[in-house]
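These are the structures, in structure tokens.
Presented sequentially are two complexes of chain A, the first with chain B as partner and the second with chain C.
Presenting the complex of A and B:
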């Protein structure tokens, strides 16, 4: 498994935006990464599935609870890729 | 050929199976016993289900043991599919699910609406919340027994709705990950190849969502959601309903397996499809 802070936040942000738009059928051009996950209609089951897909894609461990603690793409990527203190 | 077969998979469900089979029995369903069979496949319980225990139900029940050993129910389902004699077949991947009283009739009537129907019934869980959540707050088998007694079950089976929580969170026509009583004509099950035995995890992982997704993706099929009926999960320590942490871990791992097998992320079925309202007999297309 990789260290999350080795992931480029911009790449992760784009991946999550593309993933969510793909799954929910949203217009990527009108999509804001600052919006809360629940405003898109991403439910908790889909958030857990996204965590699994993200693990496969980036070879990192993703705790799905983090999506609830940091409930937007911007917040999540900032915290997830921050160097461990 | 019979009009209808039900395949019910059980594993260590000595408490739950009697209620499930009672809920599928002819008087409860008001369904002619000569028109359907119930094939129960025990998938390796220490004390396997026995046919003689259900003779009083006066139903056409066969209780069998799965011929292969696997923690996944998928092979057991496929064995059931190979044995089923009905032209319409409903699969209960989880034998801990009781049915509402008009479920069989609604599915049979919905099947007549289209030549290639995929009939999905909604999942509910008994108790005040999804069981992976309520179990952390003390909900257990004893509380569930008391809850069922409080509505006088099985006197009015529709009162199950009063003591249950829907699994679909976005309303009755919201995104549906799976249906635990999924009905397809025999020919469609054959075309689908049954359940995919690549799903070998305990509980089958996401074999059930995968089956629903593959079924609705078959050419010219029509998803028909049943409204006004459902299946109701009894708490029994199943993988996706026992604790929140276990359920999250199971789904996360299963979504990785799905991605590796299918090359795309697992997604719920968002299409509303047709809706068959069992209370009115009306269909919304």
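Presenting the complex of A and C:
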């Protein structure tokens, strides 16, 4: 397993944006990583599924609960990739 | 040894005396490695300890909300309640705003004497439950305590599963209901005494608690548990647990099987060994033949047997199970003629389990072979919890036949050769991703969001794979320019998604277009029928779309 703070936040952001746009059929160009997940329709089940795919993709442990605490791509990546205190 | 009382806690205590060192609970916190293992002896000791603490706090005979995460502590505390004569009210763990809101509405209805949770969550719970103490479960662990005689007709737990958020309904399950239904599941599923079950179903819902936690403990077997989120995150974790622990019994709503097929690649599937899995039950939402057929296709190479499929029918009001197909026979499909709407293929939910009586009734209460499913038997709840009085009020629409009380389920079915086929729901509950939502809650969401919306109808539409949420909103067209419909619907869809966690397809229709009763009440079922017939020129249920309605003005 990798350490989340070794992940480049920009890469993680881009990956999440692509994943969500792919799953929900959204226009990537019009998509903002600052929006809350639920405002563009990433419902709670899909968010938890994304946490599973992310674990495989980045070889990290993702607590799906994180998506409820930090409900946007920007907030999530900032917290997730921050060095552990 | 004396025959244990009609109390499942006493029954499990007996199992602990007979086989103290056998594993009762195995918990996989992330769905992978084992994080907790409790033998019967350990489970018994913890349940007794909690019971002593509950008694010390003077909670006997009172309702107590249990807001615990899944795992051994929840199971021990739940059994401790039953042992001490405390009425357990299992609720979700308050780790999201939505769960906390749910707990708040349950607390307001149940008016419990206490809420029990883990230390970290106590401040949050105190903020919403101001009228009663919120207790750290560790502070309840005590010694001593008596083992009171508890009447079989006393409430054992309150299942808050299908009530709307506006008016939650607590279904009272007595000790006698619990024991009767445990026996029904045992016989109906033909389970061995050393059964091993593997489950991810929520511990605060009937299917998870009654079916997948209590049933193995009732029989003296082992329940392997993981949190629902661990499963949804990586569905293969459930199947790996089935493989690793050689689980005999494991099941889910159709949604769980669908998620496995969607998320587990054929290569990974083929590496599993599912040959010990004998009872793959499926219930809680319409059993979908195509979903189960695709699951079988994917997992037969892993040794899964299609004969393991065990469709069943039940509801929280009947504790859990009411009918089950014959174990080991797999799916039985039939074309069922729908009144004037052609025919469709349905999956048999089998026969009523022993002790459960079914009746089909039409709208006027006359016996029919295509109508509302009504259930009688010792597993039928006596009614709803009355928080204020701490008592029970019988279900308003129940009826008596030959001295036996029958519950109206709100589900529509038919019987063919003695087997039950559930074809529709008349009650306004939508099951989406295995979770129940009240149509009224969703409609109120739309109405609250936008004062220009005059009326709304929410219903689920089957797209062949799963049910999708559709909301029709009536809008006064003079209020809005023609080109704005899409944006308008989109905003409502987003709001509903924020509140409920499910993104609907919102369609805007003109004021007066939704079917109404003579008293002006919106008829959801008629609205759905009209929608599906293409009356509005729309039947697209694409996810998240806000489809503009062509104006013919």
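Note that the second predicted complex is superposed on the first by the 85 of 85 C-alpha atoms of A that agree within 3 Å, B and C clash if a C-alpha of one lies under 4 Å from a C-alpha of the other, contacts with A are read in each partner's own complex, and residues count from 1 in each chain.
Note that in this section a contact is a pair of C-beta atoms (placed from the backbone, for glycine too) under 8 Å apart; a residue touches a chain by one contact, two chains touch by 3 or more.
Being a predicted model, the structure only gives us computed values, none of them experimental.
Visitor: With the two structures laid over each other on chain A, which partner does A:49 touch: chain B (first), chain C (second), both, or neither?
Guide: both
Visitor: Taking the superposition on A as described, I'd like to know which of chain B and chain C A:19 touches: first, second, both or neither.
Guide: Touch partner of A:19: chain B, not chain C.
Visitor: By the touch definition at the top of the document, which applies to A:1: first (chain B), second (chain C), both, or neither?
Guide: neither
Visitor: Which of the two partners, first being chain B and second being chain C, lies in contact with A:34: first, second, both, or neither?
Guide: Neither chain B nor chain C is touched by A:34.
Visitor: Could you tell me if A:68 is touching chain B, chain C, both of them or neither one (first, second, both, neither)?
Guide: The answer is second: A:68 touches chain C but not chain B.
Visitor: Quick check on the output: what are the common chain A residues between the chain B footprint and the chain C footprint?
Guide: After superposing on chain A, chain A residues 25, 41, 43-45, 48-49, 51-52, 55, 62, 64-65 contact both chain B and chain C.
Visitor: Would you tell me which residues of chain A are touching chain C in their complex?
Guide: 24-25, 36, 38-41, 43-45, 48-49, 51-52, 55, 61-62, 64-65, 68
Visitor: Taking the complex as given, what residues does chain C use to touch chain A?
Guide: Per the touch definition, chain C meets chain A at residues 30, 95-98, 229, 232-235, 259, 263, 433, 493-494, 497-498, 501-503, 542-544.
Visitor: List the residues on chain A that touch chain B in their complex, please.
Guide: 19, 22-23, 25, 41, 43-46, 48-53, 55-56, 62, 64-65
Visitor: In their shared complex, at which residues does chain B touch chain A?
Guide: Per the stated touch rule, the residues are 169-170, 175, 177, 248, 251-256, 259-260, 265-268, 270.
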